[in-house]
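Reviewing the structure listed below.
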Amino acid sequence: MNQLIFISLSTLTIVSALFMVFSRKPMYSVLSLIFCFFTVAGHYILLNAQFLAITHVIVYAGAIMVLFLFVVMLLNLNTVADQIKTMGFRVAAMIGAGMLFLVLLASLKSTTLGTFSFPEDNGMGMVEHVGMRLFTDYLLPFEISSILFLSAMIGAVLLAKKEKR
Amino acid sequence: MEHTTQLVPLNWYLLLSTFLFCLGVMGVLIRRNAIIILMCIELMLNSVNMLLVAFSSYSGNSDGQVFVFFIMVVAAAEVAVGLALLVSIYRNLGSTDIDLLNKLKW
Amino acid sequence: MNTLIYTAGLGMVCLAMEILDLRKLLVPVILLGLAVIFGVNLMSWADSGPVIFAGLDMSSMLLVDHFSVAFNGVLIVAAAFLFAMSHDFYKDEQHHLSDYLTIIVFILCGAMVLTSYSNLVMMFLGIEIVSISLYILAGSRRHDLRSNEAGMKYFLMGSFASAVLLFGITLLYGASGSFKLTEIASYAATYGMDSPMFLVGSLLVVCAFLFKVAAVPFHFWSPDVYEGSPSLVTTLMATLVKVSFFAAFYRLMSSGFAGIDPHTSTILVIVAAATMIVGNLVALKQINFKRLLAYSGIAHAGYMLLAILSLKTNSASALLFYGATYILATIGAFAVALPVFSSTGKETIDAFDGLGRKKPFIAGMLTLSMLSLAGIPPLAGFLGKYYIFSEAIHNGYVAITLLAVITSIIGVYYYFKVILAMYTKAGEDTEIQFPMLYSIVGIICVALSILLGLWPGGLMGLL
Amino acid sequence: MTFLGLMIPLLPLLGFLVNGLLGKYLPKGSAGWIGSLSVLASFVCVLLIFKDLQAEQAISIDVFNWIALGDFSISFGLWIDALTMIMLMVVTGVGFLIHLYSIGYMHGDEGFTRFFTYLNLFIFFMLLLVMGSNYLMMFIGWEGVGLCSYLLIGFWYKNEPFNDAAQKAFVMNRIGDLGFLLGMFFILFHFGTLDIQTVEQLAPGLASNGGLIMIITLLLFIGATGKSAQLPLYTWLPDAMAGPTPVSALIHAATMVTAGIYMIVRSNVLFALAPDTLTIILWVGVITSLFAAIIGLKQNDIKKVLAYSTVSQLGLMFVALGLGAFSSGIFHLVTHAFFKALLFLGAGSVIHALHGEQDIRKMGGLKKLIPITYITFILASLAISGFPLLSGFFSKDEILAHAFEQNKIVWIVVAVSSFLTAIYMFRLVFLTFFNNFRGSDETRSHIHESPWTMTFPLVVLCILAVLGGLIGLPAIFHVSHWLNTYLASVTEPSAALIHHGDGISHGLEIGLMCFAGLAAIVAIYLMYRKYVMQKAIPESEESQQGFIKAIANKFYVDEFFENAIVNPVFKLSEWFGTFFDKKIIDQIVNRTATTITSGGQALRLSQGGNTGTYVLAMVIGIVVLFIIRLLI
């Protein structure tokens, strides 16, 4: 049962990802990536990471992808199809990425991880538990990430704000 | 009861993530539109996230899940900065094609 | 720990000053703040207690040890030089001054995280704070397409490298079940060589670091980004950021991977060799000064990789010494180059033509900085090289050290190109404006280069 | 005495700092005097030390402990012993005279202050080189003099790109430096110290490790060939003549180029332990001395002749070292510094008088117009040619005697090259000073003797060039050889290691001396016939035929001489000069340089500016690293 769910969900993930990568229209890419992210959220639920799944949907599908969509619309990229690279380069790129995949597989193939059942809901993925971890053990990185946000915020404003002249 | 059907090898997640990661790599390589490249990088990050969660559930250790939050934080910041850069380039160049960005070379 | 908190606080102060419209005071206040932070940092040298943050023990996240304190000290000094130069560099961009300076302060925060992390989460956050802020700064000349291009290229490749880094971290986590360096190290010591996930993960993380420090074949971003970025940002990337990444790399290898296994060492030897060769050879043909220093930075990364290879002996102080001398020489060079660029409007080597006649003193500073980069005794750069090379030989890396000696001899040629341009060519009669702060920074850097070259005592063997 | 020792290098440094930093604010022209007086003061310090220091004594000044790393430490130290004293006297003494001369020579040049700044810096580094107590200190000086040398060669370059010649000089010196640096590394890791005295003491203990010592000495010798312009790294020296003439005198004749010889004598025990290296040194020296002498025969630029002559004489010094006669090498170094500096300064005086003309075909008849220059120049030429009883006669004879004793073939070749020395020197002298002036009348009317600041050094150097031989009178004069005795404390440890013959008998020695003196006189006479009596002028290559015809109807002896010896030799000279020198050596060096730079260029083009390509390179890089990892 779980295997079936996993396989069907994964198929959806892979297909939508493929569509995202190969679609010539930016708009389609964005939409298929959003779909892809939803399937990833499905995986999270399967893996008992409920809070993460919700956050994922909110942050990725809700915020990040909307931002993408917004930019695509703003820059009017939805009307024109993308230029593609030369044939030679695309072949080289596919070989390169394919090689990477093969090499990673070859290196990882002897991994002995075994199988596992999706665990009983032990509350690990619930907001209480994750929140506790985040505000005790991970308090410092949590605070430090605010620096990152501040910096990114200043930067985004600095870069994208229209100059008053 | 359904013990046998519940088994999903962790290797499958490893395989799926590796595949998605390499797909993202390929996307970065073959696309010319900076937005799509950015999206492909997001795909790579998501494949990583998924693997982290899988490892986390597998070992019953929630560190992996917490890390995913930090990755999300960083991804959001990255996207904000990236899109801001993109807009500023679009204003100057009228395009988001990265192959047109080759003034700096040699 | 306090060092980091105070630095972050300094960033907040900068933002507050923007609101209060106190831009004029910004640079002095930051310099003052850095002086305080330097003092705080010094005090934590003797303090080896656990890191307490908000009443919680954060030692598994951040570890303040001699290594981090020493590197933080160097980084704070480097940052102080950069801020001093920023006063004149951003003269025409007053309305954005506080933005730029705040971001640089945050980069310093990120760099401090990188020198003292004890958890991969912190390492990742440190890298991203530094990188994302740099993407912004690289592209900060919004109306200059070259700056845009630099920002975009750096951003795309940097994010790609971050993804690789994350994949590596994930596999490390999958193998060892933890993000803590200590646990990873004990895992590595027990099973490291037999676990494919661990091996793949560590190699991916190493690749990501090689990208960040601009080692061949992951160096391609650096010349383009260095050239296109505003010159002060180039200085920042070439000095503070590069050294902090090396510190992080060293920390990861020494306390995360429990030393260096023979496979990784072979790979690093190959990469270091390629880096030295490519960096030095390509630099021979450069005409743009910033690009030249980018390749010089690549070559120096090759030498610094030797320190990472030499983990068996305690090569941290060699790395520290080398990093410090490299920072001093590079900032010294840029302190001369920045005003020359803005006066002549050129960023090529021939911008320096005739500087030896027009401004002998300034030209002398650049000459000494170049000689230090080239590794000519008795300047500090020579001792740095000597120190790292001797560590490498003690670790048995004879062939690569010989290659390093040979390439560094080749490298002298392009540094001399700059010197000869100043002394043996007559340039145009453009008046070179040389603001006071630049000369002060230059003088201090060059004086320290000479002092460290003659009396290395304090810094050598510190760790 | 420690204080005086410290002042020796510090005074020129002070001069450099004053001129370099305050030059703008000082009255015009004072830079020359500041520069000269600082070197003079340094010379006085040297003399004061010399007065008190016994030959076998040495002063060791550890300024401070420089590098302390693990087991070994390197001190920032100076070392003054007999050998250092000799070098110090040459460097500061001749250096002062050349500084003084430059005041007149560079008068009115826009870079007057800059010139003296560089010159003082050069003296400082040269002093560090000879006083350094360890190889690292020597290396500092070594690099420093190199830097000053480039700055001074390029002194008059304006907007021309720094051309092939300078690049060549640079590349050749880099190869040399690489040798030195690697040699130093090997010393450090096998002796555990860089202190020269310690290494010299430890070396015999490591004698069983002959291969290692041979590698070290060979690497050091490569360093020496670069600095001292020996085959195959010599062609930069003639090109370095582009610099102002006092520079050629100071750097490219008297001091810097002898650094290689100094370095080998300094480490004489090390070299004595590697007989194979000594043999290599011997033959490199022999070939270089002959080769450069032959090329010198056909040069028409007054400074180029002197440059090739310098190369040849340096070769002779290496012959002495190769024979294990270290003090003879130093003896010739000293006398050579006197007469070659004098020759260059004289040439400078000629060039000064002719407003920059350097082509000897356009000179002639200058002896009455610039008499002081003429007299000093001719005495220097006699000295270098080995005219009896002048300084060069004794120093050369000593080397010849050693050669005769050990290897007759070497003796023959060296004798031939010293015969050729007399030939090209007197070809130069007669073409320059005799007969009638061949330049334009306008130039002639402006010819005048140089000011006293220029002639005074000429006279002093001339006295030294004539009497310099007194420091090394051979035993047949029934006096002790002062220099040998003085240097004994330095060379003694190695003397035991080298097998010397029993020495040659006094009769034979007198015979050899007479032979050499006679050869010089014959050469001078031959040149006198050709260039003064027959008024021959070297023509450009096309009219060579006519030139041969013009002298065909002279004495049979002449004809024979011309056709059988002079023409072939001159042809050979031309061939060496154009073909070997320019085609082979330069080509090899330039090829190496271009191969390296074109490698750089090719790699540079891989940086095409396309982000996609960069990322692809990264991906491939990761893949390759993984494959390496999987395979090993």
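Per-chain numbering from 1; labels A, B, C and D assigned in written order.
We take it that contacts are C-beta pairs under 8 Å (C-beta built on N, C-alpha and C of every residue); 3 or more make two chains touch, one makes a residue touch a chain.
These figures come from a predicted structure and were not determined experimentally.
Considering the contact criterion stated above, the chains in touch with subunit A and with subunit B alike are C, D. Taking each chain's centre as the mean of its CA atoms, D is the chain most distant from subunit C. Centre-to-centre separation between subunit B and subunit D, using Cα means, comes to 66 Å.
Averaged C-alpha coordinates put the centre of subunit A at 31 Å from the centre of subunit C.
Taking each chain's centre as the average of its CA atoms, subunit B and subunit C sit 27 Å apart. Here the spacing of subunit C and subunit D, counted between their Cα centres, is 43 Å. The set of subunit A residues touching two or more other chains comprises 85, 89, 93, 96-97, 100, 104, 107-108, 111, 113, 137-138, 141, 145, 148, 151-152, 155-159.
Residue positions of subunit C touching 2 or more other chains: 121, 125, 128, 132, 135-136, 139, 142, 151-153, 156, 160, 171, 174, 199-200, 223-224.
Shared interface positions of subunit B, defined as residues touching 2 or more other chains, are 14, 21, 24-25, 28-30, 32, 38, 63, 66, 70, 74, 77-78, 81, 84-86, 88, 98-99, 101-105.
Viewed as a network of touching protein chains, the structure reduces to a complete graph with every chain in contact with every other. Partner subunit B is touched in their complex by these residues of subunit A: 1-4, 6, 10, 13-14, 17-18, 20-21, 26, 29-30, 33, 36-37, 40, 43-44, 47-49, 52, 55-56, 59-60, 63-64, 67-68, 71-72, 74-75, 77, 82-85, 89-90, 93-94, 96-98, 100-101, 104-105, 108, 111, 113-119, 122, 124-125, 129-130, 133-134, 137-138, 141, 145, 148-149, 151-153, 155-160. Per the touch definition, subunit C reaches subunit B in the complex via residues 121, 124-125, 128, 132, 135-136, 139, 142-143, 145-146, 148-153, 155-156, 159-160, 162-163, 166-167, 169-171, 173-174, 177-179, 223-225, 227-228.
The touching residues of subunit B, counted against subunit D in their complex, run 25, 28-30, 32, 98-99, 101-106.
Contact residues of subunit D toward subunit B in the complex are 604-605, 607-612, 615-616, 619. Residues 14, 17, 21, 24-25, 28, 34, 37-38, 41, 44-45, 47-48, 51-52, 55, 59, 61, 63-64, 66-67, 70-71, 74, 77-78, 81-82, 84-86, 88-89, 91-93, 98, 101-105 of subunit B are the ones that touch subunit C when the two sit in their complex.
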